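Contents: one structure, followed by commentary.
Read from first to last, the chains carry the letters A, B, C and D; within each, the first residue is number 1.
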Amino acid sequence: MSTLPRITVWNEFLHEKFNPEIGKLYPGGMHQAIAQYLRKQGFAVQTATLEEPEHGLTDEVLANTDVLIWWGHMAHARVSDEVVNKVHKRIVEQGMGLIVLHSAHFSKIFVKLMGTTCNLKWREIGERERLWVVNPAHPIARGVADYIEIPHAEMYGEHFDIPQPDELVFISWFQGGEVFRSGCCFNRGRGKIFYFRPGHETYPIYYQAEVLHVIANAARWAAPSGGPAANFGQFPDPIEKVGVWEGQIEIQHPE
Amino acid sequence: MSTLPRITVWNEFLHEKFNPEIGKLYPGGMHQAIAQYLRKQGFAVQTATLEEPEHGLTDEVLANTDVLIWWGHMAHARVSDEVVNKVHKRIVEQGMGLIVLHSAHFSKIFVKLMGTTCNLKWREIGERERLWVVNPAHPIARGVADYIEIPHAEMYGEHFDIPQPDELVFISWFQGGEVFRSGCCFNRGRGKIFYFRPGHETYPIYYQAEVLHVIANAARWAAPSGGPAANFGQFPDPIEKVGVWEGQIEIQHPE
Amino acid sequence: MSTLPRITVWNEFLHEKFNPEIGKLYPGGMHQAIAQYLRKQGFAVQTATLEEPEHGLTDEVLANTDVLIWWGHMAHARVSDEVVNKVHKRIVEQGMGLIVLHSAHFSKIFVKLMGTTCNLKWREIGERERLWVVNPAHPIARGVADYIEIPHAEMYGEHFDIPQPDELVFISWFQGGEVFRSGCCFNRGRGKIFYFRPGHETYPIYYQAEVLHVIANAARWAAPSGGPAANFGQFPDPIEKVGVWEGQIEIQHPE
Amino acid sequence: MSTLPRITVWNEFLHEKFNPEIGKLYPGGMHQAIAQYLRKQGFAVQTATLEEPEHGLTDEVLANTDVLIWWGHMAHARVSDEVVNKVHKRIVEQGMGLIVLHSAHFSKIFVKLMGTTCNLKWREIGERERLWVVNPAHPIARGVADYIEIPHAEMYGEHFDIPQPDELVFISWFQGGEVFRSGCCFNRGRGKIFYFRPGHETYPIYYQAEVLHVIANAARWAAPSGGPAANFGQFPDPIEKVGVWEGQIEIQHPE
């Protein structure tokens, strides 16, 4: 039996349907390009898309997902709050991992998990990007060289309005003069989140071997760790013996 | 002219009105106990409460607040989303500081900023609490001894479901056997947030000198830092010269 | 073939030889108690001790060690700087993991890796300790309940003079009134370091199942991640084309 | 009385003496260029250099220094270990701040504080550098625009072998294709450390207003915070009453 996490790749899947050039680049949708690679690595992979019922993320699908990969761009607002709340709960309370790709920085689930605007600078002129490893000890950098070069990419530039990542793995250089924190790890509740910048509907980035390799590393890293479910709420009986307190309060007014 | 931040102390102010014992302990409300101390230290302090129009947090009040102190407990749900969103924006986009006290761990604004459940364990038997300094280099620990002892307190215990704090200043010991991360710093956007555990409506904790001293330290720390407002959005022209790309895509399918 | 990391357990191994009571508690030395447990979990385990030539840490032993476990107490100064420097290099440059146990907070290798004094408070009266999980998403907490209770322990108390851990997994509560950051993760170069507080020569703590379980979790976590060896030094040729600069410097004196 | 920290600017001061071109660029040495600016901002500033007795860092000078600025390049090895140890003690135990400039990444004091190799990539072709603010909430970014551009600089590239900074303020973009974590905050003991990349003996970078402005911000941030001196060592009497333990050990051998 495989010990690899079970993955669901979620894609908005609109650009590919409505823009013929993009449809030609990713015939089955970007989710299929990613899923195909991951299956070859031995992962069990499902896919889900926006226009399916419940966006394809039924209770059953979520219950059988260890790591969810999320791509969205033009229709973040169409994702129902109910589904977002279920995904959030599954991450924070049950430990499902989440990999947030590129323009999903503005997805409802990522913004909800971060607590900030997740805003950034952007430009689309097909410039060169180079992702440098800044944490070679991190499992997500396993098997990566000093850097990954992407020949043509949309630029995302700082300031990227996220909380300081718990671990920063990649920083991008852009030909036009900007930098960006491109590989960011966050722990939230029992779940692990990895934001990974590369990818845009008009570039063949999800066919690039190094990019797919990092996504597979991230899926292994983001798998539920098996740590304890926290016990919350009232615990009226102390573990240690505590004497009875009669509650005579004396107020010492400060100067 | 004072360079101290202008503070607004927000209090739910319900317990004090409806429970005579609590009303006797904090005659004007807990916000007045805190405000009075801060004014003695030279801060300009306003107060605001739940049942005022707009919860007392009008645009004008917010525009004149550098650091907002927040206490709530039984009526988090009654705080309007509109006000929460305005406070969030003022913190993340404009740099207002936020000090979150005790049971406000479940306030809408703190949960929204954290992205997690902010859940915890609790018990109310008037046991002893001791807050240990674990970061003596931090300005919030200025003038504090090795620890602060609170004779009678409600217990909050781990696991506390928050993101890992950017800086952890205090850890609490409880007589009944638990520990808690009691002084937690977070940066979110341009704003700084300090969660500080002590305080409960049935104890005179907001009269205790060491507790008030830490709140004053935190207000100084959380004041807007004057860093740049980030420029977000599209920047179509690169800073550096980038050659024109004709967009001939070659797909290299990975193995 | 096992994919588990190869472990070497290093022990000062003096108390057990010179104090009959301790010798009775840990007949083969504490390293044997730990090694025996790890072998039962399937790890390949070697041991090494202070009074062996090169302290048992020859080049060959180090080259075949993925994770080094370190216990020392009364003879830190007798560990040769040459061996410390080799261990440091193997961690930072080659990614060997290090698990630092209890009184090894003052070992030369830990102090060198931390850059601080690593000092703390202590007391030995056999009091109760309870280690609370504060990061349930962390692989080192896998299979641990809310807390681990140790019936009799030496107390270590804050302030513990270490850099803020990259990830904090456990906080200890002590019967006598103190707290302590008891499970601390650090990344240094390509290596991972876990400081774990429990254990003292006069208590049977290294026979306690939960403590041994955490050590095994930590060994899996600290195994080399396979990230890239960094390329350092001069790279005279830029990756991107840069025009020749003639070096005419104009000084703009600031006001 | 000024509340600004008292600064000592330390410079190796060899390049300026032995290379006429550099001597012409920085007639009194780089330390004088920096000191002159800081004095204009109201700081009390001393200077100290390698070839003075005790490298100019006598006990008296250190006792009257709140923030030490350090520049070194070709003669790190000539700095005496005794002085390094005194500076280390003054930072970690007494809270003096340290600002480490450019090639001082390899200084003994920085390497000792970091615990890693502090190695990096470099190239000197006078290329353009742009430092982007990635933490606009940080006091060190006060009054800085989106980025600082340095027309001609030596390149430093990732991987930079330092522990993950407690706070990352700047990331550099280089014309030749690299990135670098250029403004890094670390807390070590009671002291604060800021590594700031810009500056090289052959460029007029320490005359550039934005660079000097950041150094002044950093000096204010790194000033001693006034937090407690930690009490270390044995505390034989527990704060809380603990029953006498007779020390009957029962070993539960784990399975």
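Everything that follows uses one rule, which is that contacts are C-beta pairs under 8 Å (C-beta built on N, C-alpha and C of every residue); 3 or more make two chains touch, one makes a residue touch a chain.
Keep in mind that this is a model prediction, so the values were computed, not measured.
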Per the C-alpha fit, the turn needed to bring subunit C onto subunit D (nearest 5 degrees) is 180
Greatest separation from subunit A - chain, by CA centre | D
Between subunit C and subunit D, centroid-to-centroid distance (C-alpha), Å | 27
From the C-alpha centre of subunit A to that of subunit D, how far is it in Å?
-> 34
Where subunit B and subunit D are represented by their mean Cα positions, the distance between them in whole Å = 30
Residues of subunit C engaged with two or more neighbouring chains = 130, 133, 135-136, 146, 157, 159, 164, 166-167, 175, 177-178, 187-189, 230-231, 239-240
Can the chain contact pattern be summarised as a line, a ring, a star, a complete graph, or none of these (other)?
-> complete
Subunit B-facing residues of subunit A, complex | 25, 37, 40, 92-93, 112-117, 119-123, 125-127, 152, 155, 157, 159, 161, 163-164, 166, 175-178, 186-189, 203-204, 207-209, 212, 230-240, 242, 245, 247, 249-255
State the interface residues of subunit D toward subunit B in the complex, per the touch definition above.
-> 95, 130, 133, 135-139, 141-146, 166-167, 175, 187-192, 225-231, 239-240
In the complex, subunit D touches subunit A at residues 130, 132-136, 146, 157-160, 164, 167-168, 171-174, 177-179, 181
